[in-house]
Each structure stands twice: as C-alpha cells, then as structure tokens.
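A short worksheet on the structure shown next.
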Amino acid sequence: MAEVFFYLLAALAIGGGVGMVTRKNPVGSLLFLVLTLASLAGIFVLLDAHFLAAIQVVVYAGAIMVLFLFVIMLLNLGHDYQPDIRGGLWMVMGFALSGLLGGILAQRFGGGGELTGALLPVAGGPGAVRALVEEHNAVGAIAGPMFRDYLVPFEVTSVLLLVAIVGAIVLAKRRI
Amino acid sequence: MMLAESLVLSAILFVIGTFGVLVRRNAIIIFLCIELQLNAVNLAFVALSQYVGIEGQVFVFFVMTVAAAEAAVGLALIIAIFRHYETVNVDQFNLLRS
Amino acid sequence: MEKVAGTAFLIASSAKVVATFTLVLLSVAYITLLERRLAAFMQDRRGPNRVGPFGLLQPIADGLKNLLKEETSPAAASRFYFFLGPMLSLMPATVIFAVVPFAAPLPTPWGVVDMIVADLPVGILFVLALSSLAVYGIVLGGWASNNKYAFLGALRSSAQMVSYEVALGLSLVAVLMLAGNVTLTEMVWRQQQLDWWFAFPLALAFLLFVISAFAENNRLPFDLPEAESELITGYHTEYSAMKFSMFFIAEYAHLLTNSALMATLFLGGWDIPFWRGDDMFWVGGALVSGFDATGAPLLAEPAWWKTALTLAAFAAKTSFFVFLYIWVRWTLPRFRYDQVMHLGWKVMIPTALAYIMLIGGTILVLDALRTPYGFTYGLVLTAVSLVATGLFVFVLDRDRIIGGADLTRRRSGTEYQRAEMIVASDL
Amino acid sequence: MTRPEPGRASYVRAALKGMALTFRHLVNPHKVTYQYPEERYPLSPRWRGTHRMEVHADGRPKCVACGLCPTVCPANCIRLVGGEDDNGNRYPIVYEIDEFRCIFCGMCQEVCPVEAIHVGQHYENAEYSRDRFVYDLDRLMAQDHPVTHLWDPSDPRTE
Amino acid sequence: MSETETKATDTVRCTIDGREVVVPRGTTILHAAEKVGVKVPHYCYHPGIPSRPAMCRMCLVEVEKMPKLQPACVTPVQDGQVVRTEGANARRMRQAVLEFYLLNHPLDCPVCDQSGECKLQDYVFAEGRKHGRGTEPKRVFGRDDFGGDVLFYGDRCVMCTRCVRFMNEIAEDPRLCVVERGDRSIIDTFFEEGLAGSPWAGNIVDICPVGALVSKDFLHKQRAWDLDHTPSICPNCSQGCNIQLHVRDNAVQRLRPRPNLDVNGYWMCDYGRQRYEWMNSGERIEAAMVRESGRAKAVGWPEALARAAEALRGAAAAGVVALASPFHSNEDLAATAALVGALGGGSLLYRSELAANEVRCPGYPGLARRRELAPNGRGAELLGFRRVGDEHASGDLEELTTHGGVLIVLGDPLLDADASFGTGAQAFLYANPHTSAAARHAHFVLPVTTFAEAEGTFTNFAGRLQRFWPGLAAPGMARPAWQALWAIAAALTGQIAPTTAAEAFRRIGRQVAELEGLTYEQIGPTGAPLPASVSGSVR
C-alpha cells in the first residue's frame, strides 16, 4: 500500500519537476513546482515526517511559492512570454552536466541495500524515528531536539530571517 | 523503509533542478529550480533520518527557514533588477556592460 | 471496547468520508439560503421564499441554474489556469473538514468508531497547510482572467491571506501551548479536562483567531478581494455558471470549516458543558473518561445516544459561528485596504506575540506552583486572559490604531508636510 | 453628524452597537418596510403602468383603429394597422405597443375616443426576452389588471 | 384719365374684414375675400364646378346696408361695399348652421377616413359649439356601394351636392341625384346603375367635403393626417396631370389631383388614380452589379461607374444603341443622350404603350386620358429618341439583340426580349429601378430611381415642361439615372458631371435648343410650356 503511494507520489514529483523546467509560462512552472512540493509532502508522510510534511506545505507551498507567484504577478510578465529556454549548446551542456551528476549520484547511491547498510552503523537503526513519534507525538518528536540540542541554531535562524526581512525590504524599496 | 527509492528520487529531482538552472534564462524560474534542488536534498535528509535519527528532520526545518530567507532576499533582488532592466532574463543582467 | 480495525475500519472510514462530504456540501448549500434569509430579515425584507416551503428548495434551484447556465470564458484568458482556479479553491475548503472531530466516538458491534474522518497526528497543522493552499485558487483565477479588476482582487487576496495567516497561526500557538498537542481530538479532550472551554482561558487568542478567520475567509469586513463597489467582485469577475459556483461553494465551505474549527478549538468541540458523561479519549488503547485522584484512568462508556447528543452540540456550536459570520457580514462595513494591512501587521501579530508570552508565562508559573490541570488552572488563565482582552479592546476602541479617512489630515502639519516631501522626492 | 475628536472615536463599541441593531431587526416581527411579494405597495389610482385593451362583451377589442394613439404617442411606440371586419366595423388588424419604448405618459388613454386603450396599475413585467415586451393585441386584451384613473370625472379640479 | 375711367367701370373697390381690395366687377365676395386672405367657410361651392346653388349656407357673410346675411359664393361685390365675415351675426349664423349639420351627422370621426381632412371637422373645431344640444335620435341611412371605387356613407352627408353636380357638369355623365326631401334627402344612383365604368368618378371622393364619399381602395388604410404630400406629375399618360403623392411609411398610399388650370383643372382620371402600386414595388435593384466571368457581383458605385466607363469606351467603336423608357425624366433621357454622344453617337430609341383611344373629360376641355400611356414620350422625341415598337411597347428589338457594340437600356423592362438579348453586345449597360429578366446578360446593372424618388421634369403631350419632386426615399444604393449616366459620360469626356437635378436640367439646354436658358425656377410648381417652336431639333 505504502509502496504504491510512494511510487505514485514519486511519479508526480518527477513529472512536476520536468514540467517546471519545460514550461514557458512562469506561472505554469510555479504550479508544477507546487505539485512537486505537495508530492514531496506526501512522501514525507510516508517517511514518518508528519510535522515536516505539514511544514512543507505551510512554508513552501503556502508561503514561499505564494511569494513567488506574487512577484511574478507584480512584475506583470503578463500572458505572453518570451521562450527563455536556452539553445543547443547550453542544452548539450545541461544534459552533460546533469547526466554527469546523475551518474555520480547513481554510482554513489546505486547499490541500494548495501549503501544503506554502509551508512547505518551511525544510526539508531530502522524505525528509530517511528518509535520516537509513537512516544512523543509527531510534533513533540521533532520539538525535543530542536529546542534542546539545537536551540542556538534555531535562534540564529530567527536572526537570519530578521536580517532577510530587513534586506528584502531595503532591496525592494530602493532603485538600484 | 523506502530508503533507496527515496534517495534515487532525491537524486532525480536534484538533477532536474540542476538542468533547469542551466538551461533557463528566466531568473524567477532559476530560483524555482534552486528551490527544487533544496527540496531534493530535504528529501534525502528525511529519508535518511528514519535510520539515523530525528536530527535529520531538524536540519530540514533549518533548510526550509534558510530557503524562506533566501526566497525573500532573492525575490527582492529580482524586483530591484527588474525595475532597472525591465526584464528578468539573466543574460541581460550585465551590470558592467550597461 | 476497542477501536475498529481491519476491514471494518476501512468500511467505517469510507462511510464517514461519504457522509461528511455530503453533509458539508449540503450544509454549504443551506448556509447560502440561511445567509440570504437572515440578511433579508436584518434588512426588513423577506428573502427567497418562493421555491419550496420557506424557500427551502432555493439552493437546489440555484445549483440547477448554475449547472445549466452558459459557461463563459474570456478570449484572452489562460484557459487551463482559468479552469484550475476554481478547482484549487474548492479542494482545500472541503478537505479541511476531514480533521475536525464532530462527535463522541460511536460504539458499534465491530468496535468503537471515532467520529472524525482522519485523526491526523499533525491535526491543526494540516488545517493551516490546506488553508494556506486556498490562496492559489483565488490568485490563479484572478490572474488567468486577464482582467485588471480580477487581477487586483487576486493580488489583494494573496497579500491579505498571507498576512492574516501569520496572525492566525500565532493566535493558535497559545491554544497549542495549553492543549499540549496539535491533534484536534486531543484539544477537545483537553478542554473537557480543564472544565473550561478555551474561549475563556484563551479569550484574546479566541478574539484574534475569529478576526483572522474572517480575514482568511474574505468575509466582511475583510472582503477586500471581492469588494463589489471597487473591484466589481474581484477575482471571480469573469467567472460564470458552475465555475463561479465552485468559488462560491469554496467560500461557504471555508465559512463552515472555519466555524467548525472555532467551535472545536475554543468552544470545546462536541463537548456538552457541565456534564462529564460525554468525556472520552483514547489513552493507551483504552477509551477513558478521566483520571481519579491517583491518576488511574476511568473507563468511558460510549453510547450511540451520547454520540447523537454530542453531534447536536457540535452542530449547535458550529451554527453559532456560522450565524456570527452572517451577522457580522450584514452589519459591518468594509475596511479600507491600508486599514486591513495595518490591523494585520501592526495590531494582530504583535498582540498575538505578546499574548503568547503572557500565556506561556502564566502556564509556566502555574506549572511551577504544581497547580493541577483543572478548574482552578483554567480560572487563573481566564482571569489573566480577560484582563489582557479588556486591555486590547480598550486600546482598539480608539482611533489611534485604526485611523479613519481623515487621519492624515488630522496629523500635525509638519508630519504631513514631511510625508508630502517624501512622496515628492520619490517621484 | 459631527466627527468625534481624535482619539475619542469608538470602533469596538460602535461595531457592537451595530450588531445589536441588526440583531434587533432580525428578531423583530414588526417590519417597517413593505414585505414585497406578500405585501404590495398600494398604488396611486393615477399610477400608469403597462397597457390594457378593453374589450366588448363579445370579445372584440373596443379599439376602432382611429389612429389617434400612435399620432399622439410621444415615444412612437404604438404600431397600428386598421382594417374592416365582416360587419363593416373598423378594427385594428395589428395593434402593438412596445413597452420598452413607452414612457407611460398615459396620453394614449387620454386621447382614445372610445376608451379602449388604457394604462394600467401594473408593474411586474419581467420577461425572459426582449421581444416579449412588444405587447400585441391579444396580449393587451388578455391583461386584467386594474386600469388607471387619469382623473376623477366627478371632480373637475383633477382634470 | 381713361385709365381711371376704366377702373371706375370695370373694377370695384370694397372692404372685406377691414381690408380694402380692388377686384373686377362681378367677382363674388368669396373670391374677393380670398384675394385678401380671408377664407370664407363653404361646402357647396367648388371652384371647379360651374354651378353655384348656394345651398350649404356656410358662406353667409354680413354686408353693410343689407339687412340679411348674404351667401358669399354667389353675391358679387359692389363698389364701396363693406363686408364682414367675422361679424357677430355671421359667426352666430355659422355656429347655428353647423349645429344643424351635426343634428344628424354621426360622431364617428375615429372610424371615418375623412378625419383629418374633413371640412365639417375643421369648421366645428374652429367655430362650432362645445357641446351638442340635440337629444333626438339621429337618422340612419347606413352605407351604400356606389360602384367603381366609391363608397357612400349617407349619415355623414351634408347634402352639398358637389358630387351630383360634378357628375352632371364635369363628367357630363349624370349618374347621381338627390332623392327624398328634407332630412331624408340622400344622394343615390339610378337603380342598379352605379358609378362603375365612369372614368372620372374618383374625383367625387376628392371633392366631398366630409366623409360621405370614400375610396374603397383607401378605406381604413391610413389616417389622413399621417400622409406626407409631395407635388408630382401623374406618370400614367402623357396628359401630365398635376398630382400629389400621398406618402406614408415610404410608400405611396394614394394619388390626389393638384389644381393646375392649364392642364387638369382640379381633376384627374381614375385610370391614373389607380396606378400607383408600381411605385411601391419591392422588386428593386438595390446595388450596382458588375458581371465578372459570367456572374453578377455587387460592387460600390465608384467601382461600377469606373469599370462601366472603361468597358463602354472599349466597345464604342462597334456602334452604340440606347433604348430608354419614357417613364424617365428629361434629365435621365438627356443624360442617356449625352452618354451616347460621348461614345461617339448612335441610335436613341424609346418604346411606349399606346391606348386604343383617348378618354376625354367632357366638362373640362383639354383634360383627357391620352393615348400614349407614358409621361414623357414627348420629351424623348424632343431629345432625339426615335419611337420604335408597337402600341404595346414591344417589338423591334431585333436590332438590339444582334447589336455588337455598346447597348444601353434605361428603364425599359424588356418584357418581350428573348433569352439571348444582349449576348452579342460587347458592353451592355442596364439601368432600371426594377428587377428584370432581361438583365441576365447585362455587363453592368445600375440601380436607379423611379420618378417618385427623384427630382426632375416631364414634358407632356402638348410640350409642357412640368416638375416633380421626390416623395419616397430611394431603396438601397439606387440613385437618379442622370447622376450615374452623367458620371460615366463625364469619365469618358473629361467633363464635369452635374451634381444637382437643376444643373442636369440646365445641361439639356446644350442638347435641345428650345430649352436653352430654361431653369427650374422658371418652370415653377405648375410647369411651363416650351417656348415657341417645339419641333425638337437636336444639337
């Protein structure tokens, strides 16, 4: 059951990604990305990251993408678009580079079971997170480490956000 | 569960994002592609966190925060550039040659 | 008594999905009628009363009309997104209801069935996630129409919804702190345990949530996105027939789910007040009604009549909020856009933040004093909250915060001139 | 109405006051307005609405197609073609009034020598298409709403 | 000295309503009053009917030193007489007379065809009592079919006997008389013999001052006040009776004679009166058409004219023949002649129908339904057209059918033409108001107006030029034929085409010596005879 959902969502995510890259219309690209993000949220649920799934939709789909949409509309790129996909040489380069990258990743992760096995010694074993979620709940599981072990980084991100807000306002308000 | 598949999916999405960054000229779409790359990495984190521990998810949370900040600043930059050049085509952002 | 499992669980879930979805859509249809009748009564009119007894068939007639009407689509519209808009608008509005518990668990021969479609572990976060998706439908609809009014409405709407989402989320944090979890079933349980509905111990959060929910729902006094007089109904200007209907259904479904949410979060959900017989919650695989002095769980006794009664209580509370929505809509005038933004960013968010501090501090003190989670606990919080709410309302009830149209003129001369100079230098 | 001093204006209280008002109207059964479909505004006897053609006892229109109403009609909304029936009586073969063009001045009724055409006390004229607003002779004869009293014959002051 | 003597003996000076007037001796008061603009009401008097019975008593006026009121229609004025038509006595008398008339007159104005042009209505409205005092039932006669086009409503009759006297004195065909006496008196025909067959009976409808005599053709058709009156010339024979077109809804509803003592007096014949429907015919050519590879294609005027000029110029070398209808005005015919002249000359032909005999009006010498049943045969002759064909306006088309050069047909319906008509011509220009099968091979079909839609002149049998005015709006793209033909001629010669009918008429002077210098103003509303010789030499 879960596998079926996983493959379905994976197909949607990949389809969304391909759609995003190939769409001429920025709004179309954005909507395809939203599709990918939503599919990823679904995969997060399958991977026992319920809280992240919700946050993924709230933050990514609900806030960041709306911000993008807002900007696209603010720039009023209208309904007629210049095709902005680069020509032959760039395409070849793109295919080559991404192919190379894909190759490396495939080589690195290609082993599947063995690879996970190679990584696993570090870990608490499969199902560790699920147990954690069972014990505390979906939010509590992630809240614990975040507000205990990673409190300083958490506070630093708030400073980062504040800086980003100030920076964004300054940039957007001034003519350069 | 689904670790290998998740990692492969993460790789595929990352490659798509990379390809998009390379072949698109529209700055906003390049941004979107970067978001996709970030998400691909997030997926890898989440997938691995099943085995490695909840810290992976915490890291994803931080990635999202950074992504939000990056989006805000990046979009502000695009707006500022658009005001100046009246375009979002990255090939025409030749600051030195304007 | 055990939870249903296996095939019975699947069948029960399917039945709940079908029943809930049907009921939601039916209620939406009749809320439109209710709104029209109530509006008419408030304005000393009759309202639609010609189709069927008391006009009860009016929503069906309207639905039929909208099905049979000609679908128009602007020549310069982006066809695909034009279609997508209403769909994206309708989907989140109807799905949110899935996580709302609407009655006490129902005992059946095959086990106890929870009266909630999906008891997600992320509960309220799911609600936030989906309501944040609702903006897509509106923005896409407005943008794809290729109509400047629709587009303006869409821009306003996205800005307004994103802004008030923050206030909504922050006002929820207080609830989460007191409830200790994000699932809605547990929130109902915690309210039953506290002997106080959260509306009292978290009075200010309640107020902020109601205001933000109004704004999220684009209802008066926050219906800027559709502002008939300035934007000729905004984002759905170009829509007709069934596509328009979908926007309309989405708006009312939102109204319904928001009402249900407010009832669940602040009025105890399906809880019947002053009666412990209906308190029940799954603790460690058993349905308990409470704990005795030693902390041992007391088993609950679910019964079909308790389910029915609690369902009625839930319906009554939801109806109250639906009525409130309608009541406010036909009373208050629309805000100006800058006032909306002002209220959202400069009033609601800081207040919500301050309130989180206050409630957090109070809870900390109460926990430090080892006050048991119960009536006294709630009483203290209620006292604190009412004081905070009174203060907030007192400040809000002055035109320092939300200025009238002549606020600029009333400012001191130098300040006004400086503002003018800034504008001039900008040009 | 005077504007309150800065800082003295009320928002929350005013909103609550308004909601109390609407609630009072919601529950108050004594409406101050006419409850339209059930209760109708009493029309003045001189209200001029859509037309009505009077008929003889045997169902013939009283109109003799004299042509005075199309002549006097300031909106030129009456179309009349006269003819002769088998008994040698003049009668309207075609008598059409375009109620969209009509300005409801009532001069047709005033000028009619045989008191055939009348403006009537009627205002619910919704139709599904525009062409239905051209009332032909049959329709005018079928109307049964009360006719307008342009003046009271017994009271010379009204003429 | 002698002049004043003449004045003293042959003229009289009198005062009517305070205005002095000098009139020949023997003039009636009514005529003298007319001269100073005073209209004396009357019914029985009609200027076209010789007898004056003075029986309607409407024209009674006060004459100083006469104790009683005098009938103005028969009383000659005397020198120094002072007449008051508006004196209190006269007014009272007229009011009383009108009240008597209304004793038995039905108040059926709404259904009466005369309503709007009824003398009784006018006088009662002007001077009558506000309310009738009669309480007795009115006598009822009902209506009577007099035969022909005439219907009689006895109730409405005011017994002026104009109709009886017209039939006796003008038509000299006594078919009507007054029967019975007193309030039972009524106009009637003799036994079974009605007015059917009388060629002039239609006039009694015109002269009836009330609605007693009405036309069956016009019965209930239109209201008199809705009709627009346009002065025109009857096109149905070469007599050229002056008429009025009574028009409503862009259709001629009836014809009425227009007084012109030199031509038709106050009368017109029933033959002409009945033939007006063709002016309203809907079978009109409404767009200029050019034949392109066998198919007629509608084009705009400029293109049609330009291409016609080009085609005609190319074909002119093989000879030019023009066949025109005498139903067209002098201007149209002259334009045809001018076009033929511009193409280097050719034969100008016309055909017209000839009736078997004339129908003379016994009581009005000079008025008759003439043999030639077309208004402008004389004008065509004058402009150099040669009459061909038989008395049914047919035949003699062989020359045209086989003609190989330019063929111009104006207005002739060519009803007798065979299917191959015009196939031989290199350029076949067909200008006609109405559609016609003969146009099937025409290279250019031009929509032109009838006389009722254009301004122009006709020349009647006696060579009298008379003007007519447009009463109808031309359908579609139709324009007067002279405009189109002159435009083509102008394109061929480089001349400037006339732009108004008056100018087109003046151009005729270049072609016909007799018309040199004659203008519309000189012709005036009642026409002018051709000066001196009328031999019609063509320049």
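Every chain is named by a letter (A, B, C, D and E) in the order it is written, and numbering of its residues begins at 1.
Heads up, the rule we're going with is that contacts are C-beta pairs under 8 Å (C-beta built on N, C-alpha and C of every residue); 3 or more make two chains touch, one makes a residue touch a chain.
As the structure is a computational prediction, the values presented were derived from the model and not from experiment.
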Touching both chain A and chain B (chains): none
Least hop count linking chain B to chain E through chains in contact: 4
Connectivity without chain C (remaining chains kept where they are): A, B | D, E
Closest chain to global C-alpha mean, per-chain Cα centroids: D
Pair exhibiting more inter-chain C-beta contacts, D-E or C-D: C-D
Length of the line joining the C-alpha centres of chain C and chain E, rounded to whole Å: 88
Intercentroid distance (Cα basis), chain D paired with chain B, Å: 69
Averaged-CA centre spacing for the pair chain D and chain C, given as whole angstrom: 48
Numbers and ranges of chain B residues touching at least 2 other chains: none
Residue numbers of chain E (touch at least two other chains): none
Contacts with two or more other chains, residues of chain C listed in rising order: none
Chain-level touch network, classified as line, ring, star, complete or other: line
Each pair of chains that touches, named by its two labels: A-B, A-C, C-D, D-E
Chain E residues touching chain D - in the complex, by the definition given at the top: 109-111, 115, 143, 219-223, 225-226
For the chain A and chain C complex, residues of the former touching the latter: 25, 27-28, 31, 34, 41, 50-51, 53-55, 57-58, 61-63, 66-67, 69-70, 73-74, 79, 133, 137-140
Chain A-facing residues of chain B, complex: 1-9, 11-20, 22-26, 28-29, 31-33, 35-36, 39, 42-43, 46-55, 57-58, 60-62, 64-73, 75-84, 88-89
Of all residues in chain D, those that touch chain E in their complex: 64-68, 71, 82-84, 88-90, 113-114
Chain C - residues contacting chain D, complex: 38, 41-46, 49-50, 327-328, 330-332, 393, 396-400, 402, 404, 406, 410
